[in-house]
Amino acid sequence: MSEDVKKFLYLNRKAPYGTIYALEALEVVLIGAAFDQDVSLAFLDDGVFQLTKGQDTKEIGVKNFSPTFRALGDYEVTKLYVEKESLDERGLSADDLQEIMYEDEDDDWAEKPSIHIVSRAEMADLIADQDVVLSF
Amino acid sequence: MSTLHTVNKSPFTNQSLLSCIAHAKAGDAVLMIEDGVYGAPAGTAVADALAARAGEVSIYVLGPDLAARGLDAGRILDGVNAVDYAGFVDLAAKHDRAVAWL
Amino acid sequence: MKFGVVVSEGPYTHQASDTAYHFVVSALEAGHEVPRVFFYHDGVNVGTRLSVPPQDERNIQEQWTALAKEHEIDLVICIAAAQRRGMLDENEASRQGKDANNIADGFRISGLGQLIEMGIQTDRLMTFGD
Amino acid sequence: MSEDVKKFLYLNRKAPYGTIYALEALEVVLIGAAFDQDVSLAFLDDGVFQLTKGQDTKEIGVKNFSPTFRALGDYEVTKLYVEKESLDERGLSADDLQEIMYEDEDDDWAEKPSIHIVSRAEMADLIADQDVVLSF
Amino acid sequence: MKFGVVVSEGPYTHQASDTAYHFVVSALEAGHEVPRVFFYHDGVNVGTRLSVPPQDERNIQEQWTALAKEHEIDLVICIAAAQRRGMLDENEASRQGKDANNIADGFRISGLGQLIEMGIQTDRLMTFGD
Amino acid sequence: MSTLHTVNKSPFTNQSLLSCIAHAKAGDAVLMIEDGVYGAPAGTAVADALAARAGEVSIYVLGPDLAARGLDAGRILDGVNAVDYAGFVDLAAKHDRAVAWL
């Protein structure tokens, strides 16, 4: 990895729709993808709610941005870390989350999952391994 | 004489739902809206606290906000009823005052 | 029944102004009256005519302006909250020596007394905030 | 009490300075005092922090509005209810709060305390006794 | 050392912009550099020139404008966040067909790339928000 | 390699302080600012949780925010140190990254 590449972590701790932070965080991720940095997304606390499947915003009149997470692979954003303890407290499991895949160009374009369920201790390690942490 | 209480914050982040149910009186109604609807599902870390008051206090959740967040109506706590915006208006009209737990 | 409505958070940033809008629409459909909506705290920002939301999102200011026109709702922006946050009508801009104003059609700027009056004159006061 | 008089309760649940809600709530109370309604202020959860004595905002560069609470008696706003359980959780007692007094015109202008420490159950009763509740 | 600073909440409403200001002043006094401050989410509202805070309160926009002028700090308002919230400069107003603009002296509107660039080019990124 | 964590919300209302200290690693620093300073006094409902980590994690509180809120510096938890804005800058410079628990 070149010296010009920094490790960027997007720290997502808020639920979608009640406030705009989740949507505007995703807008940064999409723009940031053009900068060829080493990007990871972390979902913990209420941030795990951003990835639930079956979101239908028709009746609240707000745009459903959850499909955009499935497009992240096309932007080469392929590392999404979700904290297991946060899921547990909220009565959620990995099955309640969207399936988000990417094609691995280093492995004959094999389809692989972008979401990795990690423990709280692993999340702490991930944070401690970054150059830049953007909080939302 | 009874009160409609509204809560719009996730109970996993914010104490508003707990404070609301600690102050609601028998015969009152509590309606979870916006990010407050995360309090509705069964099997969460806050479900017991809500269930403990679901007898004397009527608990409601705003269906449009549940759907937006991908929460399956089939997984909400027993005794919690979903309403739409028209049902929200009816609850506000039926009770004598509305208190927002912001 | 008469409902008074308070909106306390800014548009897009918080869902409060959306929920208030849906509540008011449903209250009117049910035959209730909503004589006034009072915008306080960051809620005053709902009334800017300068916002340009993405084309695939709702335009919150235009929704309120249209609803108010159809149902003669008095949309009041609190003057004290508005001054702090840079929301001005033509009169205020001229009084304060500012070179521009940004209030949308259908909204008016007035004092906090309008909030208390709304509480006195309506049957239920609903607050949408954060 | 005339039929035109409603019971107004200001529900204060947020700390001062971190956000503007406490200050802007007080601005409503001052304007509202001119309307001759039956006004009470409730302080619970982090709202009890609004009344602490010794606030000194010089270094954060924000106006200290806590002295305004002591002027409320001049506006005939004389009923401030503070929840004991909220104080306890925060390690506070009544002694940590400002002394706020008013002169009772019905009792030969005797000086009386405006602050009443109430239990959570009494706070619930107070809320249930109102016509209009303004939340901050 | 070079600090990048993000401000994510609106002025007066939240203390974030005040804390960020005091942090930047102290960083400069300690001999550090602060090449850019990026205003995102409701932070974009810090840059309105139309605010009229009470005379006994600080003027947050003027504090930033003066500090930026003295120390050549690049105050960038995110264009996407600004459009939603009704913050426009003269160019944007004309492009969007709006009849007024409200950006204060010393602030400029630009894209989110400026935030990422700031993260790459500074030694520490500090975020002040809610 | 260590991290400066900042927390700006009251721990009596919001879970951010608890989440922060659950993710801080030995050698990290936690700085309470703005409404986060309400976590600093001893004898509160959250003091034990903070004190439990005050050995391996350095805990600081922003003095100007403490003073603004009328919190007596003499009543803060043992092992929690007050800094001013210059001290905040020093902490940010000394650690390798800053993480805001918003």
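First chain written, first letter: the chains are A, B, C, D, E and F, and each begins at residue 1.
The definition used in the following text is that contacts are C-beta pairs under 8 Å (C-beta built on N, C-alpha and C of every residue); 3 or more make two chains touch, one makes a residue touch a chain.
A quick note: this is a predicted structure, and the numbers were derived from the prediction, not measured.
Shared contact partners of subunit A and subunit D, listed by label: B, C, E, F. Note on connectivity: the fewest steps through touching chains from subunit D to subunit F is 1.
Considering every other chain in turn, the ones in contact with both subunit B and subunit E prove to be A, C, D, F. In this assembly, D is the chain whose CA centroid lies farthest from the centroid of subunit A. In terms of C-beta pairs in contact, A-B outnumbers the other of B-D and A-B. The two sequence copies subunit B and subunit F touch through a face in which the numbers common to both exceed half of the numbers used overall.
A centroid comparison over C-alpha atoms places F as the chain most distant from subunit C. Mean C-alpha position of subunit B lies 33 Å from that of subunit F. Between subunit A and subunit C the centroid-to-centroid distance comes to 35 Å (mean Cα coordinates, whole Å).
Measuring from the averaged C-alpha position of subunit C to that of subunit D gives a distance of 27 Å.
In whole angstrom, the spacing between the mean C-alpha positions of subunit E and subunit F is 26.
In subunit A, the residues that reach two or more other chains under the touch definition are 14, 17-21, 45, 60, 62, 132-133, 135. Residues of subunit F in contact with at least two other chains: 8-9, 12-13, 15-16, 34-35, 64, 84-85, 97-98, 100, 102. For subunit E, the set of residues touching two or more other chains reads 12-13, 15, 19, 22, 41, 54, 57, 125, 127, 129-130. The touch graph of these protein chains has some other shape, matching none of line, ring, star or complete.
If you check each pair of chains against the touch rule, the ones that pass are A-B, A-C, A-E, A-F, B-C, B-D, B-F, C-D, C-E, D-E, D-F, E-F. Against subunit B, in their complex, subunit A makes its touches with residues 14-19, 45-46, 49, 52-60, 62, 64, 66, 89-91, 96. Touching subunit C in their complex are the following residues of subunit D: 4, 6, 8, 20-21, 24, 27-28, 31-32, 34-35, 37, 132-135. Partner subunit A is touched in their complex by these residues of subunit E: 6, 40-41, 80-81, 111-113, 115-117, 119-120, 125, 127, 129. For subunit B in complex with subunit C, the residues that touch the partner chain are 8-9, 33-35, 64, 84-86, 88-90, 92-93, 97-98, 100, 102.
Subunit F meets subunit A in the complex at residues 1-3, 15-16, 19, 22-25, 28, 97-102.
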